[in-house]
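Each of the two complexes below includes chain A, the first together with chain B, the second together with chain C.
Moving on, here comes the complex of A and B:
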C-alpha cells in the first residue's frame, strides 16, 4: 500500500527554483533513501513534504489523501513527521520535556507513556539523560533525541533529513540500525542522506537527486552496483 | 522543596507586614514597583515565553484603563466588575493585532504593536464625546466599593495581590502544554511546526492572554492614579518600560517581572527626580540603554543568571 506519493513537484524559495518535476513514491513498510550531494535539493524536498514550504506546482498525497495545501502541524496529526536537518531541538528544555513536546497532538498524547517506553527502548541513553538540558548533550545524543521526539508523535511515515550529519561513523551505524528496528515496529522511513553507502545499505529503494531533478531511481541493492553511482557517490 | 516553600512564606509575610511601617511616599514607590512588576509579567506571556516582542503593550493597558473608567463614570459600574471587561476589551485588541501581524516571522509583530498603540491613542483622542479626548477622564467616585482607596497601603495590598496572582499564573502557565508550546516556538518555529504545534494559533492565543492580563493592570493603574489621558497612558515609554523591566529581571520566568521592577522602578523614579523637567524623553533613552546592555551582557536577565547558577550546581 502506498503511503506517500509526490507528483511533478516544482518548488523553491521565491525567485529561486530548486526542484524540477520531482516524482517519488513510498510504500508502507519501506525504507526509501533520497540521495544526492550538497545543494541537490534533498532538504527542500523534505520541507515541501512536511509542509514547511509550499510548492510552486505539483501534488503530495499521503495515505491516499491530497495534503499539498495542508499546514505542517496538521500533517503531523495525520502521521507524517520530519526530523529536521541539524536537529533543531529545544535546547533550553530537558530531554524529557523535548520528548513530551513531541507528543503534542491529542492522538499522540493519549499514548504518551507507551511512546516514552518505546523511544527509551530504541535509545536507552535518553532514559539516562532524561533530566539533562537538550542543548548540553553530545551531537549523537542530540540526534537520537531529535529522532525520539519525532517518534513521540507516533508517525506512520518518518522523514529524516541527514541524520548522519556531523556524527562519527560508529554512531552513524548505531543510528541506522535503530532505523531498521523502527521499521520493524511499523514506521515507514524516508531518509535523505549524503552518506550514500550507509543509506543504500539499509534502504529498499533509492532516488538520486541532481540539481533538483531525480536522475536515478531503483532498488538500493542495484544502485550500489551501478558504475555511475559508484563513481559519483561512493568514490570507487 | 519545603525549603523553598518556607522562603516564599517568609517573603510573603515580610511583604505583608513591613509596609505597615512605611510612610505614604515610600508606599507610592512600592505600589508603582508592584504595578510595573505585574505588567511586565503580563507582557512576559507573549514577549518572554513566546519570544514575540511587543512594543505596544501600553495600548492594552490604556484600553483596560479606559474601559473600566468609562463604565464607572458613565454607568456607575464598579471597577471590581469593570476590570473583567477591561481584560476582555484588551484581549480582543490583542487578537486583532495578533491576527494581523503574527502570521509572518520577524519584526512584524513588534512593528504592528507600535502602530496599534499609536492608533489606539489617536482613537481615544478622536472619540472625545466618549473618552473626553485630550482632556481625559477624572475618577470622581471614592470608596472601597469603587476600588478607590484612601491610603496607599490599601493600593499596596491590591497590587501585591495582582503580583502574587500573576506569579502563580506564570508558574502554572510555564508547565502547561500551551506554555511549553510557546517556549518551543520561541526556540525554533520550524521544529515546533514539525511536532504538530499550530504556531500561528499559539502566537495569537499568547497575545490574547497577555493583552487580557495587561488590560486588568490598566484598570488598576486608572484606579490608582485617578486621572487618565490618552497621552499619559498609551505612550511609547510605558511600552518600553514594561519590556525593559521584564528583560532586565529575566524574560520567560515567573520572577523576572518582580526582580526587574525592584531595580528599575526606583532607579527611574530617582533619575526622573533629578533630570525630570530638564530633558524630555530621558526615561526612554535610559531604558533603551539598559535594554541594550542587558541583552548583550546578560542574556536571560538577572533571573536567568540565578537560574544558570542553580543548573551549574545541580
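Moving on, here comes the complex of A and C:
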C-alpha cells in the first residue's frame, strides 16, 4: 500500500526554483533513500513533504489523501514526521522535555508512556541522559534525540534529513541499524543522505537527485552495482 | 544630613517599586520577542489603555481596581489578539518581517494614542481609591498601600506566568517556539496559533500593569505610554531572555537606578543613568545579566 506520493513537484525559495518535476513514491514498510550531493535539493524536497515550505506546483499525497496545502502541524497529526536538517532540538530543555514535546499532538500524548519506553529501548543513552539539557549533548546524542523526539509523535512515515551528517562512521552504523529496527516496528522510512553507501545498504529503493531533478531511480541493490552511481557517488 | 538621606531612600524606594511593574511589562515584551522576534512599540500605549480601564471602571461603576486588573487582562488580551492579526501575523514570516514589525507596531501605537486623545483629551486624570490613602511606614520610609499592592501583585503575576510556562501545555509550546521555531513545527505545534496567544498574553499583562500603576499614578493621560516602553525594553535587555526571575531583578534594579538618577541628575535626565548602565551591559554581557547565551542546536 502506498503511504506517500509526490507528483510533478516544482519548489524553491522566493523566485529561485530548486526542484523540477520531482516524482516519488514510498510504499508502507519500505526504507527509501533520497540521494544526492550537497545542494541537489534533498532538504528542499523533505521541507515540502513536511509542509515547512509550499511548493510552486505539484501534489503531495499521504495515505491516499492530498496534503499539499496542509500546515505542518496537521501533517504530524496524520502520522508524518520529519527529523530535520540540523536536528532543531530545544536546547534549553532537558532530553525528557524534548521527548515530551515530541508527543505534542493529542493522538501522541495518549501513548506518551508507551512511546518513551519504545524510544529508550531504541536509544538507551537517552534514558541515561534524560535530565541533561539538549544543548549540552554531543552531536551523536543530539541526532539520536532528534530521531527519538520524532518517534514520540508515533509517525507512520518518518522522513530523516541526513542523520549521518557530522557523525563518526561507527555512530552512523549504529544509527542506521536503529533505523532498520524502527522499520521492523512498523515505521516507514524516507531517508535523505549524502552517505550513499550506507544509505544504499539499508534501503529497498532509492532516488538520486541532481540539481533538483530525479535522474536515477530503482532498487538499492541494483543502484549499488551501476557504473554511473559507483563512479559519481561511491568513489569507485 | 539624616533627613536628606531619608528623602533619598524614600525616592529610591518609590522607583524600586515602579521597577516591579517594569518587570511585568518587560515580561510581556520578552515573551513576544522570544516567540516572534518582534518589537512591540505599542506596549506602553496598551499599558496606558489599562490605566483608563481602571479609571473608567471606577468612574462608571465604582469597581475596585483590583477587579479591573482581571477585566483589563481579558479586554487587552482580546485587543492584543486583534492587533496581532493586523500588525504582526501578516508580516512576521515574510523576509524582513521582523524589522517590519517595528513599523507596524509603531503605526498601532500612533493610532491608539490618537484615538485616546480624541476620546479622552490630553489632560491628565487620576481617581480616588482606598489603596492610595493608606500608608505603610518602615524605618522612616513611607509607601502607599497602592504602591505596595502594585509591587506585590506584579511579582505574583510574574510568578504565575512562570508557572504557566513550566507546567501548561501551551506554556511549554511557547517555550519550544522561542527556543527553536522549526523544531516546534516538526513536533506538531501550530506556531501561528502560539504567536497569537503569546501576543495576547503579553498585551494582557501590559493591561494588568496599567491598572496596577493607575492606583497611585497621578498622570493617566493618552501619551503616558512611551516612558514605559523605554524602561521596559531596558529591563528586557538587562535581564536577557530565558530567566523570569532575572526579569524581576532587572526591573527592580532599573527602577532603583532611575531613582538614583533622579537624585544625582535632574529628574528629566534620570534616563541618562539608565541608558549608561544599559550600554555597559550590552558591551560586557550582550546576552543580558541572567540570559544564558542561546546556543543553536
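General remarks:
Definition applied: the second predicted complex is superposed on the first by the 236 of 236 C-alpha atoms of A that agree within 3 Å, B and C clash if a C-alpha of one lies under 4 Å from a C-alpha of the other, contacts with A are read in each partner's own complex, and residues count from 1 in each chain.
Here, a residue touches a chain if its C-beta (ideal position, glycine included) is under 8 Å from a C-beta of that chain, and two chains touch if they have at least 3 such contacts.
Keep in mind it's a predicted model, so treat the numbers as computed, not measured.
Superposition of the two structures on chain A leads chain B and chain C into a clash.
With both structures placed on the common chain, the touch criterion links A:142 to chain C but leaves chain B unconnected. In the overlay built on the shared chain, the residue A:200 is in contact with neither chain B nor chain C. Legend: residue contacts after superposition of the two complexes on their common chain; A:175 is shown touching neither chain B nor chain C. In the superposed pair of complexes, A:14 makes contact with chain C only, with no contact to chain B. In the superposition on chain A, no contact is made by A:189 with either chain B or chain C. In the superposition on chain A, contact is made by A:97 with both chain B and chain C. When the two structures are aligned on the shared chain, A:81 is found in touch with chain B and with chain C.
Within chain A, the residues touching chain B in one complex and chain C in the other are 50-52, 71-73, 76-77, 81-84, 88-93, 97, 100-102, 104-105, 108, 149-150, 152-153.
Against chain A, the residues of chain C that register as touching in their complex are 95, 169, 172-173, 175-176, 179-180, 182-191, 242, 292, 294-297. Remark: chain B residues 177, 180-181, 183-184, 187-188, 190-191, 193-199, 311 touch chain A in the complex.
On the chain A side of its complex with chain B, the touching residues are 50-52, 71-73, 76-77, 81-84, 88-93, 97, 100-102, 104-105, 108, 133, 149-150, 152-153. Interface residues of chain A facing chain C in the complex, by the touch rule stated above, are 14, 50-52, 71-73, 76-77, 81-84, 86-93, 97, 100-102, 104-105, 108, 134-135, 142, 149-150, 152-153.
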